[in-house]
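Some structures to go through are shown next.
Next come two complexes built around chain A: one with chain B, the other with chain C.
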Partner chain A sequence: MAGAMALLTVILLIALLMATALGSVAVSWRAALGGDATARAVLFDIRLPRALLAALIGAALAAAGVTFQTLLRNPLADPFILGVSGGAACGAAISTALGWARIPGLVPIVAFGGAIAATAAVFVLAQRREYTDPTRLLLSGLVLNALFSAVILIAFALAPESDLTAAVRWMMGTLFGATWGDVALLAVFVAVAMIVLMTIANDVRMFAFGADDAKSRGVDVERVQRIGFAVSSIVTGAAVAVSGIIGFVGLLVPHLIRLIWRRDFRVLLPLSALGGAALLVLADAASRVALPSSELPVGAFTAILGVPFFLSLLRRSR
Partner chain B sequence: MLEVRGVSFAYDGTEAVRACTASFAATRLVAITGPNGSGKSTLLKLIARVLTPRTGEIVFEGRALSEWQAKEYARRVGYLPQDPDPAFPMRAIDVVVSGRAPFLGRFQWESAADYEEAERALALCDAAAFADRYLDEMSGGERKRVFLARVLAGHPKLILLDEPLTALDLSHVQQFSALLRDIVDRTGMTVLYATHDLNFAAAYCDRMLVMREGSLALDAPPSEVMRPEVVRELFGFEARSVEGWLVPRV
Partner chain C sequence: MNGIWKFIVHRSSFIVVFALACAKAPQPPPVVQRVVSLAPNVTEIIAAAGCRGKIVGTDDFSDYPEAVKALPKVGGVEPDVEKIAALRPDLVVASASNMHPNLQRALAAVHLPLLVLQTDRVAAIAPAIERVGRALRCPSAGFAVSTMTSTLERERRTRARAPRVLFVVWTDPLYVAGRETFAGDLITLTGARNAAEAKGWPQYPLEAFAAHPPDLLLYPDRSVRSRAVDLLLHRARAKATAVAVDEDIFTRPGPRVTEAAAELNRILDLWERSH
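Right, the complex of A and B next:
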């Protein structure tokens, strides 16, 4: 555990150094620390906040992903499973259609509201008398996401043409224009989420054999489910509001960690957060420098970097 | 030690357990039998505190279940659901040591002592050799023994097993039944288990409960249950008795 944590922390630090060193303009940390104004501006105002934001979003999505997979006992669950992405995208698309994209900061707020509203709706739909039924939860999330896709298409058809590019970029997920304000805001969300999830980790891992078994071991199943789902959805909503929809990290990273270390939730949670952070920092750096003139969607790079690694591990595992 | 007093339970309007009353003393091996859907699993879940009775009450060691704190009760009563399966691969020793969960604090990890308990429980179930193997590499009989060890690792006073003998071949049914008998006699625990195998239950148990349509139809020693006229009425099983065993009448 300690070894794995140290290894992933070192990988994350190297990723952050690489991400700040890479870019269309060649600047060095030595120049920035030596007082070069341009180097300072590029490193401290652009690349560092962006790399840190990528780390926070990666951590948020991977932590939410591993929590959903464990509580729902489903290896296909990802942080967007409860309709968070669909709700957020709906909020963003509708506000774009209404021309609100021109008011700075409004779209992320509406997107966050959409994410939370969607999660709440999925919860209400999945509620049974005893406790939340995982299958109903998954199905409700799936069906609502389909409904949201329809709403998004209609909103895009009606949106002012000039606002469409920004909306599409948001849908693909981007860390372009990250600010220290974004970093500070998301850092608070991620820190609180990690603390809360760590306090229920000893109970969450008991879901390995299902809710009935967990309950018979003294776990307050309803409470742990509610806290776990709510915290994961909120931190995902915050990440999506800042960056748009970045796929694969939340699904892939917990599986990667599980394939390498095979441990229970108490270890998987912090390791997944660190792994998700490192993967997204690297993917974002790659998406910036892959083409000399333009940026590619970071979500595509998380898959391009993660999938081959994942498949090779999967082939070697039993 | 355990008293079930007029307990009823319904799933969304369908009554599964109706006004069941029974009391259980220490050091007893008790089989709960009955046709499919007769309420065996539900009764075990009610005693395990997984479900809460609609009416009536269950009293364990002089206190109603509602008065017990969840973890405190889990330390005394072990429950094994029907056919548990971990969502992700797990080693046998990790499965067994997770039976120590009710003894851990919020941030506490299993200590070396907890692992020793787990190893002792595995040995008691004749499964010490499987400790480092993954569950999905094991046979059905091996897995059952690992799960029984998980329950035993918490040193409960009462053990509830939901159909632990299903999907086992005859020699494993015999081994597992003898293991339960041995554990009861050696540790003084009380074991309640649901089963469809009347003959094995009769051979090893002190007492049999027969459930029908949610009610307790019969609560008697095996000799009173194992009669052709009784099983015809309660199970719809046309049988004849051969040296105390019930065999199909053909």
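Right, the complex of A and C next:
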């Protein structure tokens, strides 16, 4: 366990180093430290916060993913399954259609609000007398996501033409213009989420054989579910508000980690967070250097990097 | 008996389908009196050719010349075909760059002929005006073309210290006009250098913007707010002269390209004088 943590931490640090060294402009560390204002701006104001933000988002999405998968006992659960992505995208699409995309900073706030509202709605829909039924939860999330998709399409049809490209790019995920403020804000969310999830990790682990089994072992199922879902959804909402919808990380990083290390939730949680962070940092770096003087959506590269690795692991694990 | 009839019906249905598939697109009448324009720059092109009086309807966004504002509107990217048909035009004219792929079929279904103009570059405007002139038999198409071409040539410049210009269409993420676009052509025509190397409308990397900021940053005055531009410059710790330009003439490839070139030259001359 300690070995795995150390290995992933090293990989993450290497990824961060690579992400800071790679870019469309050739910059040297020596120049930056020596006082060259441009080099310093590029390295410390543009690349470094962006790399750190990618790490935080990757960690948030992977941690949320592994929590959902464990609590719902569903390997196909991802951080967006409870309507978070649909709600955030809906908020972003509606505010874009209203022309709010031209006001800096407004769309992420509305997106976050949409994410939280959607999660709350899903919970209300899935309530039963004694506990939150995971199946109803999943179904409500599915249905609401479908509704949000419809609203998003309508909003995009009505949005001003000039704002559309940026809105679509947001839905594909983008870390453009990441600031230290974004990093600080998300760091708070991720830190709190990780602490809370680690606190209930032992109880979450008991869900491995089902909610009823956990209950019989003395776990307060209702409370653990509520905390786990709420924390995961909030941290996902924050990540999505900052960077748009980056798929794949939350769904498949936990599986990747599980294929390699096969441990229970208490270990999988920090390992998934580290793995997700490293993957997204590398994917973002790739999206910046793939084409000579433009950027590609980061969500494409999380899949390009992760899928072959995942498939090879899958084949070997037979 | 049964088999024979089956055979005949089978074969003739093939022939009918084949014939329908080979049906030609509707052709305009020899003299076009009523025309519907589906793009603002197409409206300006038709008006410049001298046929403004023949326009009976336009898209939602056409607003120049002033008189077309009063005309019936038929919609945006997906125009209302029923409204177009209700205006009984002889010809519908659209722009290739923002045309719905199903438009031709939709109009053919109501027997309306469609003329598609290529207008994505500066060099494409004159041929478009000529095409419209031929199709609509417009009196002053040739005159409009020669005036526009000569005015445009007068605005062509070479500058000793060509400033690097970036035409920004969105700030977050940063989207710019690259080479081989209308705005890119304007920049080259007036003797400046386009800071964006890629073709089309690429997303420009923030660090390239920070490390090599352009001398001049142009942005369309309706779609982009000056506040967003200020924020971008602050983010990149870059200093660049940001100038808002009239969106209508800088993003509509049409006869007013001469005004855009003149305005751009004015901006560039001002920049040269102060550097």
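Here, the second predicted complex is superposed on the first by the 318 of 318 C-alpha atoms of A that agree within 3 Å, B and C clash if a C-alpha of one lies under 4 Å from a C-alpha of the other, contacts with A are read in each partner's own complex, and residues count from 1 in each chain.
The working rule: a contact is a pair of C-beta atoms (placed from the backbone, for glycine too) under 8 Å apart; a residue touches a chain by one contact, two chains touch by 3 or more.
Nothing here was measured: the structure is a model prediction, and the numbers come from that model.
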First, second, both or neither for A:N74, with chain B first and chain C second: first
Chain B versus chain C as contact partner of A:T199, first or second or both or neither: first
Touched partner set for A:R266, first chain B, second chain C, both or neither: first
Touched partner set for A:S24, first chain B, second chain C, both or neither: second
Touched partner set for A:D220, first chain B, second chain C, both or neither: first
Contacts of A:G210 with chain B and chain C, given as first, second, both or neither: first
First, second, both or neither for A:A41, with chain B first and chain C second: second
Partner chain(s) touched by A:S293 [first = chain B, second = chain C, both, neither]: second
Chain A residues touching chain B - in the complex, by the definition given at the top: 69-70, 73-75, 129-130, 198-199, 202, 205-210, 212-213, 215-220, 258, 262, 264, 266, 318
Contacting residues of chain B [partner chain A, same complex]: 12, 45, 48-51, 70-75, 77-79, 81, 84-90, 94, 98-99, 101-102, 104, 106-109, 134, 136-137
Partner chain C, residues of chain A touching it in the complex: 23-25, 27, 37-39, 41-42, 45-47, 102-104, 160-163, 165-166, 169, 174, 176-177, 179, 288, 291-295
Chain A partner contacts - residues on chain C that touch it in the complex: 77, 169-170, 172-175, 196-198, 201-208, 210-212, 220, 222-225, 227-228, 231-232, 235-237
